[in-house]
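In structure tokens below, several structures.
Shared chain: chain A. Partners: chain B in the first complex, chain C in the second.
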Partner chain A sequence: MFLQVNDLKVAFSTEDGVLNAVDGLSFSLERGRTLAIVGESGSGKTATILAIMGLHDGNTRVGGSILLDGEELVGASAGNLRRLRGERMAMIFQDPLTAMHPYHRIGAQITEAYRAHHKSGAAQARKRALELLDRVGLSDPARCFESYPHQLSGGMRQRAMIAMALVCSPDLLIADEPTTALDVTIQAQILELLGDLQKEFNSATILVTHDLGVVADLADDVVVLYGGKAAETGSVRDIFYRTGHPYTHGLLGSIPRIDQPRHRLDAIPGAPPSLSNMPTGCRFNPRCRFTAAVPDDRCLLSVPSLVSVEAGHFVSCHLGGDLQAAAARVSAQSAEGDRA
Partner chain B sequence: MVHFLLRRAAFGLLTLWLISLAVFILFYVATPGDPALMFAGEYATADQVALVRARLGLDQPLHVQYLTYLGGLLRFDFGMSFVNQEEVLSAILRRLPATASLAFGSILIWLLVAIPAGVFSARRAGTAADRLVTTAALAGMSFPTFVVGTLLFYVLFFMLTNAGYPIFPSGGYKPISRDALEWLRHMILPWMTLAVVGTGTYTRIARGSLLETLNQDYVRSARAKGISEGCVMYHHALPPSLTPVVTLIGLDLGGLLGGTIITERIWGINGVGSLAVQAVENGDLPMIMGTVLFAAVFIVVANLCVDIVQALRDPRVRLG
Partner chain C sequence: MTSTTLTEPLLSVRGLGKYFGASRGLFRKTLPTIKAVNGVDLDVRAGETLSLVGESGCGKSTTGRLIARLLDASQGEITFAGRDVTHTQGAELRALRRDIQMIFQDPYSSLNPRLTIGEIIGAPFAIQKVEPAGGVERAVRDLMSRVGLNPDHFGRYPREFSGGQRQRIGIARALALKPKLVICDEPVSALDVSVQAQVVNLLMDLQGEFGLSYLFIAHDLAVVKHISARIAVMYLGQIMETAPAEMLYSSPAHPYTRALISAAPIPDPDLARERKRIALTGDVPSAGNPPAGCPFHTRCPSVQARCRSEKPRLETIGQERSVACHFPEGQATGT
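And then the complex of A and B:
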């Protein structure tokens, strides 16, 4: 495995005590594949990728293990992490306007990472940057090189940011909601570009998003995060067609479909749990439609573990992944309730 | 850039004109006493007062007076002192070197201390070292200038001199053109007097602003590139964090050049501040107007300089 995350824990120490943003997350990723991490705000998506990049500050405890090509990142020295960042793993941020330095030219921001990791002169770094600006589809690379971020449009900025991340040809590319800040038409172009580049560079890609449409487009595998834990992991087909977790089911139900008759979208009731006040038992139980299908209040009392429901498809739910049977049981129970 | 600066300069001129108008109204229209009476003195006869009034142009209609006043300003003619018939402009210019030495020197000291202290403190935010620096800065801010000045006078002049080390003089100003070393010797304590308060304020501002900048996305991006922490700190985080400091220097420098009354008084420096105080004490109207207008010019010019510096630093301002 190229990237192997085992039992990852990320805890913030705050004035309200210790908050567990990520609580025992495991996944793995091969070169050339794309893993989508899906979840609502506060589900631990960003905490996870910052832990991989080693970008958490001193008030954050990271536990468990992150192996990048066999090298342990948890507890690695600052110097080692710095050597890996930019060179072997790079990141594309959500909002290119705030993620780029307002005082520095695009060219300087791209060559900076290259020069930090290669003993090369300015000319070679410039050549590399122009090459990449051209590759990400910017029509006038030389002009972009000399521009400041605020002089480019949102889509051009995001392309420039992708060039910035790719400058050292990283083996692991992390894209944190790369299209959220963009117009819908630009989103599609950027997604296509990301897909092409991933094939070309054969990098392992982590795509953080809350947009399941993006997942369907780009990802091979999916981790659905809820309250800092994996609710369901599996291939895109597993997640979309053999959904095993009520939360994933809820997420899919809240996407409008044009291939089916129009009906009201099913929103997931309630709000994501707060880190300082996690529900007991299954973290999803206050919002789950299926708790009645599980006997003995087990959803409220015990934390479900992540179990395999088929090869490569894991679900953390007391129902064991069989939502159809559970739905039948819930409707039978409510019919019985109506009769009585 | 040129367009931006022209706009700022035009705005500065407008401000100056408004201030000059306010000064005119204050001193020609709303003044409580009769300036001619003040100028002529206590024992003047009615004829003498009338003569003075005619010579000062105070018998003219108000709009003529205003145009004369404005015309004078445009020729840098602020009139003559009522007290000693000295030209107001030359009186101010004669005192400017002392005030300018005081202002630039103390600002230089407080920037050289405050910015490194702020960076030191921000990099160690939450630690004992950070708390020590912020507490010291708060203490510095809280001391009134006259207390700091008196303490420095007592300890570094009085006690040292009594102990047989007359390193610092008790006060006065020696022009730098005559003897740079003497100038320095005479300026150190006044600089420190002003710098204590300024250093405290600027340390806290530099620290707070740097902490805020360190939380910006672009600083995280810089770290994500794997560049050295020193480069992240001094190339990416520090320059944008200095924006509030630069803005404040503009205001403070303008204010200090307009006269530092207490510090000049404590150290017996004959600067613009003490000139303004004397003018007020003597009811010397042209001199008061001159010092007020001068202070306003310095503030406007200093702010224009700040705009230029910000434009040079930030391409978003420059290229708008």
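And then the complex of A and C:
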């Protein structure tokens, strides 16, 4: 396995005590595949990828294990992590305007990344940068090389940032909401580019997003995060067509779809939990419509573990993934309640 | 939702324009004028939702602010409830503000952090010197429960609420004076996915309850399809196409509308990977230097010679649709 994350824990020390942003997360990823990490605010998706990149600060404790091609990243030295970042793994940020240095030209920022990892002259680095600017679909690479970030449009900046991430040919590419800040027509272009580059470079990609449309488009495998834990993991078809967790089910029901006629949206009540105030038992229980289908208040009292419901498809829920049976039980109970 | 009994629309906008950066000073250098809004025509009928969609920088928010009279129009006219309100000032403008309210995108920056929720929602009464029946506090508590907030949280501050709840506070404030038209500027795009649906449902419920008309400004085509009776598509400060929602999605006439719809994500892996996208190349041109002829011709997949020189007018096709294109899809070309 190329990337193996086992029982990852990320905890922030704050004035209000220790907050567990990620609490026992495991997943793995092969070369040539795209894993989508889906979650809302406070789900722990950013804390997870910062742990992989080794970018957490001193106030954060990272536990568990992250193996990149057999090399342990948790507790690795700063020098080692610096070598791995860029050379083995790279990141594409949501907002290229804040992720790029405003006072340096695009070309200087890309060649700097290249020369930090290669013994190379300025001319060779420039050649490599121009090659990549061309590859990511910028129509005038030489002009782009000489431009400052603010001189490019949002879509062009995102392409330039992808070129920057790819300059050292990393095997692991982490894209954090790469299209969220972009317009729909530009978003479609960038998604297509990411898909093509993945095939060409055979890299492993982690796509962090809240947008299930982007997941449906690009992902092979999916981890649905809720309150710092995996609610459900599986192939993209498992998640969309054989949904096993009430939260995933609720997310899919709450988004309006352009390909469907109008209907009332099936909203999930409440809001995602905050780190300082996690519910006991299953973290989704205050918003779940199926808790009545589980006997003895187990949703409120015990934390469900992630169990396999079919090959490669795991669900962390006391219902064990069978939402249809649970829905039938809940409606039978409420009918009984009405009679009584 | 569409009311056809009224012959006159509640809001009617003709040739609306907003130009930024034109210098008026004697010694100032002449800067290029940015035509953020450039000749917009639209109507909102009583009780309906008209959505204004487009990409960033197309002028949709500026149009909303012009109609709310937060900005002054450089050109054109705004007629509200039969009166020309384009340049209304003073007491008349204050009266207009009761009827036209706005809900903002960012529920964090649009609420004063030093005021309690009760003060925020009650502010419109104080500003307009309106004494609601039963007193301000009772009216505020009633509004809070109507938008799904606990009225006992009257004395709390915005920081104690989640993003979705803050947006409910903004909605309650907008509804306090029982407006006729509410301009919603990207009201759900800053919210978590699971919370967006709650706010969309709430806005639709309140529309029925209060008989509101909405001008709904958004970039998310799926949300827009869900909430609108009619949709206007904007590009570079101009309306490209206006049509009833179902018609716009089932048979888009403007090439830009077609491209937008084909690029909208579909949360279904098989459908998302099978369907053909109309890939638009390049970026939206700068509003400071718009292309000659049709504003969309630099990116249009079916551009022809005429599009480069002659600007298409927004023409009515059939009963309900208007298109600004020389060669609209599936329509007899009418010039």
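The working rule: the second predicted complex is superposed on the first by the 336 of 340 C-alpha atoms of A that agree within 3 Å, B and C clash if a C-alpha of one lies under 4 Å from a C-alpha of the other, contacts with A are read in each partner's own complex, and residues count from 1 in each chain.
The working rule: a contact is a pair of C-beta atoms (placed from the backbone, for glycine too) under 8 Å apart; a residue touches a chain by one contact, two chains touch by 3 or more.
Only a predicted model underlies this, so the values are computations on that prediction, with no experimental measurement involved.
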Query raised in the report: After the match on chain A, would you call chain B and chain C a fit or a clash?
Result: fit
Requested in this report: Figure out whether A:Ala116 sits in contact with chain B (first) or chain C (second), or with both, or with neither.
Outcome: first
Query raised in the report: Given Cα centres, how many degrees, to the nearest 10, is the angle at chain A formed with chain B and chain C?
Result: 70
Query raised in the report: Touch check for A:Phe240: first (chain B), second (chain C), both, or neither?
Result: second
Requested in this report: Classify the contacts of A:Ser77 with the two partner chains as first (chain B alone), second (chain C alone), both, or neither.
Outcome: neither
Requested in this report: Please determine whether it is chain B or chain C that touches the greater number of chain A residues.
Outcome: C
Report task. Could you say whether A:Ile186 touches chain B, chain C, both of them, or neither, answering first, second, both or neither? Result -> second
Query raised in the report: Between chain B (first) and chain C (second), which does A:Gln324 come into contact with in this model arrangement: first, second, both, or neither?
Result: neither
Query raised in the report: If you stack the two complexes on chain A, which partner ends up touching A:Ser254: first (chain B), second (chain C), both, or neither?
Result: second
Report task. Examine A:Met156 and indicate which partner it touches, taking first as chain B and second as chain C; both and neither are also allowed. Result -> second
Query raised in the report: Thinking of the overlay built on chain A, is A:Asn277 touched by chain B (first), by chain C (second), by both, or by neither?
Result: neither
Query - Least Cα gap, in Å, left between chain B and chain C after the two complexes are fitted on chain A - result: 9
Requested in this report: List the residues of chain A that touch chain B in one complex and chain C in the other.
Outcome: none
Report summary line: Interface with chain A, chain B side, in the complex: residues 216-218, 220-229, 231, 236, 239-240, 313-316, 319
Requested in this report: Please name which positions on chain A make contact with chain C in the complex.
Outcome: 40-41, 139, 153-156, 183-189, 192, 210-217, 219, 236-237, 240-241, 250-259, 262, 264-269, 271-272, 287
**Report entry** In the complex with chain A, residue positions of chain C that touch it
**Finding:** 55-56, 162-165, 192-198, 200-201, 204, 219, 221-223, 225-226, 245, 249, 259-261, 263-273, 277, 279-284
**Report entry** Touching residues (chain side chain A, partner chain B) in the complex
**Finding:** 53, 55, 78, 82-87, 90-91, 93, 95, 98-104, 112-113, 116-117, 148, 150-151, 164
